[in-house]
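Here come two complexes built around chain A, the first alongside chain B, the second alongside chain C.
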Partner chain A sequence: MPYLSGEETVKELRRALCNPNVHSDPLRHRNAVLRVIRAMSQGVDVSALFSEMVKACATVDIVQKKLIYIFLCSYAAVNPELSLLVINTLRKDCQDPNPMVRSLALRNMTNLRLSSLVEYVEQPLIAGLRDRAACVRRVAVLGWAKLHDLQPDSEIDAAVVNELYSLLRDPDPVVMVNCLRALEGILKEEGGVVINKPITHHLLNRLKECDIWGQCEVLKFLQRYQPQSEDELFDILSLLDASLVSPHPPVMAATVGLFLSLCGSLPAVGLSALRRAQGPLLAACGSGSREMRFTALCHIQLLLRSLPGLLGAHYKRFFCGYAEPAFIKQRKMKVLVELVNDDNVAMLLDEMKGYCTDVNPDTAQAAISAIGHIGRSYSDRSLEILVGLLGLKQDHITSAVVQTMRDLLWVCPQCSSTVCLALEECEDTMQDAQGRQALLWMLGVYGERISSAPYKLEVFIDDVRNETSAGVKLELLTASMRLFLCRPAEMQDMLGRLLHHYIEEETDMCVRDQALLYYRLLHCGKEETEKVLQGRRSDPSLGVLIGPPAESISQWAHSFNTLAPLLQSTFKPDSKPQLSDALRCDPVETSGKTPADCSPITQLAFLTSSSAAPLSLSVSPALSPEKFERLWLQPRAQHDEHGKLQQTVFQCSAQSLQASLQLVNVQTLAFTPAHARPWKVYLYTRMQLDSRGSTLILGELVHCEEEPEEKTVRVTLRQQPRDDETLKAFLSILTTVLHTHSSSNETLKDI
Partner chain B sequence: MIHQIFILSSKGDHLLYKDFRGETCSDLVNVFYEMVTALPGDQPPVVMRHKDRYFVHVRQGGLFWVATTTADSSPFTIIEFLNRLSALVKDYCGVLNETNITENFALIYELLDEVLDYGYIQTTSSDILKNFIQTEAVSSKQFNLFDLSNVGLFGADTQQSKVAPSTAATRPIQGSREGGKSEIFVDVIERMSVVIGSNGVLMKADVEGEIRVKCYMPNCSEIRIGLNEEFSIGKSQLRGYGAAVRVDECSFHQAVRLDEFDNHRILRLSPSQGELTVMQYLLSDELPSAPPFRLFPTIERDKGGRLIVYLKLRCDLPPNSVALNLCATVPVPRGSLSLSQELSSPDQRAELRPESRAVVWNIPRFAGGTQLSALFKLDIPDLSSASLLEVGPVSLSFELPKLTATGLQIRFLRLSPIQPSQSQRWVRYVTHSDSYTIRV
Partner chain C sequence: MSASAVFVLDLKGKVLICRNYKGDVDMAEIDHFMSLLMQHEEEGLICPVMSHGSVHFMWIKHSNLYLVATTNKNSNASLVYSFLYKLVEVFTEYFKELEEESIQDNFVVVYELLDELMDFGFPQTTDSKILQEYITQEGTKLEVAKSKVPTTVTNAVSWRSEGIKYKKNEVFIDVIESINVLVNANGSVMSSDIVGSIKLKTMLSGMPELRLGLNDRVLFALTGRDKGKTVMMEDVKFHQCVRLSRFDSDRTISFIPPDGESELMSYRINTHVKPLIWIESVIEKFSHSRVEIMVKAKGQFKKQSVANNVEVRVPVPSDADSPKFKTSTGHAKYVPEKNLVVWTIKSFPGGKEFLMRAHFGLPSVENDELEGKPPITVKFEIPYFTVSGIQVRYMKIIEKSGYQALPWVRYITQSGDYQLRTNV
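== the complex of A and B ==
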């Protein structure tokens, strides 16, 4: 009754429950109780009816009893004293001749979760363990686990533990599995339930009696067992062979998990188990439930890490269905990319081509980048498709294609002639900043081979005032400079205009700085400029790509059949670590990463501009060295934060570090001389807290080179007044500064 | 181990919430709904993380069935369990929808209580559960003035009652307690996924099928289902010539006894009340007959700058078969403004859906051996020759009643003990399109 307020409802319900006429008619009584529960599940607070409901508990009607128990278990914590009244009824029910009533009473007695009731519950639980009916024993066994959970500190009776161990031999399989679960909880501190040889063999023998849920649970517990000899191991494995190809995905997955953990030392056996399990896994990929499909796909991705060629013949099973949700389509494409081989590449690319025009732009982009991935080994065919897609003249597709081409060029420079030809004809302007950045990078690096490159740049330069993305601006500068070096006649005027605009009118410090840098660089002459600008065009270390080597199973075995593979995409977008590492040094990867081929100063300016918004650092009012020393040595007034930053060798000079720290508004106060070990830096900054004034942060960086394998900088920070959030933020800024510094050192060396 | 179970409607209304481990934190439901609705399109929604708690959910009947759990639980188990739970609720309540769940909350609480204890799965077998479940299902059948087909004049039985109404199989299993009809349904359901290349070559053809038994017979101890005698599994076992029915992989429910299967292709089982998937099978890369539909498209630009799409669709089913609710989706170039159409019969419809960039052509009934055609003219402002490339693969969705793509048939269905005459046995065949794509 929505028009009644909560209080009104409760009053109304109380009247109904207390009405003697209702009491005399069991059906009306039950309906009254039902209304209470309905109100409860709709979110009305009906705890005021507790005493009425306790009275209604004394009934022979099982449905009513069950309803009341739902109520009591939800509100027992609010009314511990009144709950004592229920105990008597419950204890009486535990003696009932009907096993269903007994198990119901026992279950709800333990579900009340009141430590004051423990003494009343123990006796019925002990009796429950020896009950004739299996359903009562099931409840009683888990009851002990609940009891232990309620008072984790109390000693558990050794007799009960023994009884539970002996119940592992109970004729009812659910009781057996419940015993395992209960013992696991009760003996958590001692390392859980003991799985020794007799128990293992007992469990294996009874595996067939359990339903699929029980089997999964038992298989999971068996992972803990270490077979004593190889013969025993193989006996166990051959016993489990049937479950390995079980039509129920949970059983199959649990068995594979057990195989992997038992065969940790025998990788060949593990691999052959995986080969055997591929059938059921493939079947799960075609399951009617899309969630199950997704789970199976994620696990197939795991499998492929160790057995790259495994499912090549079954690639058609991973073709996307028309009505499948985007997340399944994208997973399937990731699998398809792994399965490509000489036989299926034509069919596969043909299929992929169809996905590129998907209505969902995310799926379309995923398909395009998947084709790019295949292009690393089959570049001609893939490029043909990519070039064709440019013809569609669709904004999101063009942008994705251009980005894919750039990534492909980075890995396979031999594709450059085709790409240059295609870019020659690509005329559209893209809305997407990432796409424009990719296009500019290619125009800069391969400008001498694209005859129309200056005209394309001209479009950008004419429109420079409307450009908003800092990443595109920087890329435009670099591309114009590079192109100027190889085609000075066409570019001179344009570059002049661009530099003039950026130096005079640009508000973004980072872009302006870079423009200034290039301007000064041009004064140093052509050779110098070339030295700085001609960075790497591709990653020679990748060479001919033959796919990632097969990983050993042990690298992912622990995450098999857990939620981790399903979550992975959120944390690790690329499953191939060494490839993504290689791409990380791609100079135009994203606007968030600083272009590696500009000077450290501009990089840091870039950093300030991006981090200026959330927190503002300032060095004023200045702190005198004396005051710093006083504050630093002042005992406990501040908060200390110690941390170790993993850094590459820290080989920059004190001056450059000071300069870069100043850029982010951190003042360095003192250095130890360059050759002294450990090398120390003292620094301070003030951080603006929103409306609460500011906080002062003092810091000490210590760089020891005693242990050369541990190249770390130790950071000690003191803060006044304390504010954890800003401290963390500061630490991250500091980390970035140090990191940029050390990495730019490397890139500078490269140049 | 499952910590909480909750059911949400698609709009986020709380329908049901049960906690198993004594951690009262009902805010989780709202957290979940916010997370699942705020998820960007390219992120998989099945598993989501909130602090140290993981949400695993499935969508069934338009509802969210959510379990919260810890990181080390098996996703296969939890997802299978949630699917099983929704199937159980469907068995007990009839149809899965919002009203049915709210009406039957007491029953579902009772069910959850028996199925899970302390977060551990106890049993999901409807045979065992039926001894414990006491609440009667409330069936929310609305009285419909227009649906008088089953009520004869002056209460007399009409011819209609000889035919099972389509909702017959979606009723609560407990209905039979109060003298409901005792019935058994054996459904052979197949899903086709087919890709046909632009040159008409069959590039991929998979059929996934299952035999489902829905039993509403309280006193039936055993049923025997006879399949085609020429039924063979795997590539090597070709048994003779002629109309052999072949599947690649086949798996059975554990309750099925296969002692007569090898020689006579008979499945024996003791059915439990409710729904049971008896057998699942898969046929890949091969169809025993021609694919049911062929498409002959012509796509060109006319002088007025309009895009002309002429589709000729042929149904290669046997002449006495029919395809229902056929729906062809033809992707069209971006920026299509309006559609003019010429269809070959008045019951067909076609419309342009700009949001999904497609023309959808609906054919309610399509007889085997016939051919239909459609002419679409699309106005597209800046049509280029490249735009023709965007007229991409045509997808068909359809339903083929009384037909299986593999040719699997149920030879007989015998019940023992012999059931009284008013019991009814139904065998139904249907093939759905899982994904039927024709490239152009």
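== the complex of A and C ==
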């Protein structure tokens, strides 16, 4: 039926409905009604037929009744006056001996959603609550909720509320659950339906009778109950044990949610419940419906925020199938990244490698960045794969790999040598602005170690007119400046051309201003320029060592088993943006400041260049925490140096301390949490001994607060092989670092 | 739960039928659904939940239909998806095939069902067996309103009506196991599991009480028996008719069965099974000229058993042409629209080994598009055999009229998600 002929259709339908011959033949009459409904579903506006349909309502044919009611409910809002006419028929139907008719009438009476009809509806609803047939009671109970929804301001009679409470004991489980739902809506102002001890026990006893919808609902309402004693709590928990391992994912999820809220004060019990729910959770991840799989994966991600170790042994269950949709693959990869450990890393990376060449570029990109994430703890293996991927010469893969390498370098500076080697080989020009930006950043920061860096930049500078992305332009400027500082001979001409172009011809103000700033900066001399441009190269605080700590369950328990985890994951693509933000803004951030008001980190940068210059500290080859522990505990083979540093209390955060130590090439391995006493830091470095190889220094800083007047940090150092001179030198560096920190804290306090 | 409204859309996003349950979300919001979906699709990241302002769309796709639930609350996502799948299940049972045509042809029944399934955003009666008793397609035939309420709406045993009668009382039990296997390109089994289900076709009179005995390891451990092969089942799911409390306490599976066909239980076994049909493949791609494929299939199951209708699906490049095949048994066919060679073997006895060679030409101009590496998939069916070794030890049927009834048992093993990755 073409949409445009709507008016004619209506006319024709009206004629059919009014025809007395049609009226006399029930079959023809019903066909006429059917045609109206069909027209309605097809989007034709048939509201003009309202009065005819009201008349047709008086019929004994139940199917016709249903259809007419659907019509009336759809158009009641447009015809409030005429709707009044229906009420009589509906009220009469509420007296019908057939319970099906009674429930149908009652349901549609409340579905009309007209506040003018409320007064007529209340009486049949009250009768409905006491009806013999369960199906009528079901409808009546929800009818009250609808009524309240229609007029949220008017109070529902207390007697009705009481009646609803008493219907919680109705033999029909659906009536019981509907009562909970209705009361929740009606009593919203007062905090919803009251779940006290007798109600809780009643609900728990009847849980098994409910269908899965009912069970989920009841379990959700039980979250509101706070058991009075620990014994009661455990009784409830053991009663619910069967639901916890329920094969129906929604029931299982609802039970887990309930456990989490009941065990808010007993995290250990909550944890063991989660462990027990592992099986069903995994089963949900393999469920036939992809939407359920997706939901389960999102919730597993939520769990892993608090329990990183959970499910580690089952990592194979999260391997992607070829035909799975991209949203599931990407989510699985995020889960896999969380599950990586020493035993499975080889298998896992091997599997991930396969995903990097996925047909969907987004999935491929996600796989590459997942490998980068794993690289934070297993850098060698991951880098090997990433470097291998560069060999594929696929544009989108190269771009993703370069970005991932950049992010990895920011967190694990020890990877720089491998990355530099790889970049040396990488010849491609990328289409993607993000990728080019990442490449430029690395060329700038690590340019002195990439012999071909100036030639790579040259390609960009020669092509500067065709560049459209402002981000790339800014990055190109900064990279050229940085490279100029360490390789002036090769860069001078190019930089001149670049600055000239940007200052004279660039239309983007931001780029032009930046170019002008650099131009003036160069006039101030090399030292000054270096101070500004030597920003941070890395921020290991984002790495695995201190990484994001495990959250407590209570932080997300309230959103468990709702829509929120699914939405969150679509809009918050993990920590990557923060990271790139930090990278992007860093040259600008420091540019305006003089050394005096700079952060402790910049001050330290000067420190390294001046006092500690003759000593060359380095953190490579990297030392694993296990090896550190072994060396540290080795009995007295090394030289020990104990010292006490008179120091003001250090309030600096672990992260900033680590960052500053990193700047002088001292790697911190482990911290105790911020408020633990005594507060400890373990660190190590290697020091170059002229022509005699290197010496390894391990250190422990202990800060006790037991003696508050004696604000000291005790330092224990172990060295291998022994060399007093270097040890002393190292101690002085360490002292300076700590000093800088405490003094900067004082200045902060003054401000 | 709270779904505000439910829509059934065709592939173009036109509303075929809808039902407004709560009235708190504007029905016109659905117009944004299709544009959102297209936008996500362009970005390559379709997601089963999409938001427009404060309205969230949760959707599933079934054949040529979208089923969409809208909500503006932080509702329980898993429950909404379950409900949408329940809709599909119920509609399918009514119309056999759920698709655009069946919705249009049966819109009266669809309206009736939507009315019963949910009220005010809360699922109500969702059991299709019960629904079928009072919403029938024959409703379109004219009859005066039934004066009798179906007992099941209020019955204690909601899944079975009283007064069912059969001349011959019989139960057919099908034990069906499908195996899922994922094999890496270098031949190592990455993951494998068995998903089993026990299906019943009940033709019994009255209200019979049934008890099913399996060689369940936990049960055997409980009763102290240890002879014979037992099976360790995980994630056991039952039809609602099974008394869970009894299963929990003494592992007895006792129930009053629904009439006709139903799935009594399903389980999963997470053990390493030897892939029943092992495939070795060598696919050599000579760019610009040809592709040579050699596939060896080996039946790694008992000699007495025979796998039927075996299909080995081998992927080939999308630009391949002029196929040539040579098989030691069965026949191979090129399916260009799916870029596959399908090698069919009608009957494949255990322990045997078969070979297929294929040769394709490749155009001299190379296809630029990036192609994935689709795995080889295998389909098969082995009757009278279960991989896990699960057995029905007995089925006791007790009815108060005391009739004799016969249980018939049938075992089938079939392929589930059976994938072997390739190097090319």
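By definition in this document, the second predicted complex is superposed on the first by the 561 of 751 C-alpha atoms of A that agree within 3 Å, B and C clash if a C-alpha of one lies under 4 Å from a C-alpha of the other, contacts with A are read in each partner's own complex, and residues count from 1 in each chain.
Here is the rule we go by: a residue touches a chain if its C-beta (ideal position, glycine included) is under 8 Å from a C-beta of that chain, and two chains touch if they have at least 3 such contacts.
Here the structure is a predicted model, which means the values were calculated and not measured.
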Clash or fit: what happens to chain B and chain C when chain A is overlaid?
-> clash
Would you sort A:63 into first (chain B), second (chain C), both or neither based on which partner it touches?
-> both
Touching A:133, do we find chain B (first), chain C (second), both, or neither?
-> second
Mind working out whether A:283 is in touch with chain B, chain C, both or neither, as first, second, both or neither?
-> both
Partner chain in contact with A:324 - chain B first, chain C second, else both or neither = first
A:391 contacts which: chain B (first), chain C (second), both, neither?
-> first
Touching A:525 in the superposition: chain B (first), chain C (second), both, neither?
-> neither
Could you say whether A:80 touches chain B, chain C, both of them, or neither, answering first, second, both or neither?
-> neither
Touch check for A:496: first (chain B), second (chain C), both, or neither?
-> neither
Does the superposition put A:172 against chain B (first), chain C (second), both, or neither?
-> second
Across the two complexes, find the residues of chain A that touch chain B and also touch chain C.
-> 34, 37-38, 41, 43, 62-63, 66-67, 70, 100, 107, 113, 135, 138-139, 142, 145-146, 149, 174, 177-178, 181, 211-213, 216-217, 220, 247-250, 253-254, 279, 283, 286, 289-292, 294-295, 316-317, 319, 321-322, 326-327, 330, 351, 354, 357, 359-360, 362, 394, 561-567, 570
Contacting residues of chain B [partner chain A, same complex] | 14, 16-17, 21-22, 24, 41-47, 49, 54, 56-59, 69, 71-77, 79-83, 105-106, 109-110, 113, 117-118, 120-125, 131-132, 134-135, 191, 193, 195, 197, 203-204, 206, 208, 249, 251-252, 254, 280, 282, 284-285, 329, 331, 334, 356-358, 384, 386-387, 389-390, 392-393, 395, 397, 434-437, 439
Chain C residues within the chain A interface of the complex | 1, 14-17, 20, 22-24, 43-49, 51, 56, 58, 60, 71, 73-79, 81-85, 107-108, 111-112, 115, 119-120, 122-127, 134, 139-140, 142, 144-147, 149, 153-154, 182, 190-191, 234-238, 240, 244-245, 248, 266, 268, 370-375, 417, 419, 421
Sites on chain A touched by chain B in the complex | 34, 37-38, 41, 43, 62-63, 66-67, 70, 77, 100, 107, 111, 113, 135, 138-139, 142, 145-146, 149, 174, 177-178, 181, 211-213, 216-217, 220, 247-250, 252-254, 257, 279, 283-284, 286, 288-292, 294-295, 298, 316-317, 319-324, 326-328, 330-331, 347, 350-351, 354, 357, 359-360, 362-363, 366, 388, 391-394, 561-567, 569-570
Chain A - residues contacting chain C, complex = 26-27, 30, 34, 37-38, 41, 43, 60-63, 65-67, 70, 74, 97-101, 107, 113, 133-135, 138-139, 142, 145-146, 149, 172, 174, 177-178, 181, 208, 211-213, 216-217, 220, 242, 247-250, 253-254, 279-280, 283, 286, 289-292, 294-296, 316-317, 319, 321-322, 325-327, 330, 351, 354, 357-362, 394, 559, 561-567, 570
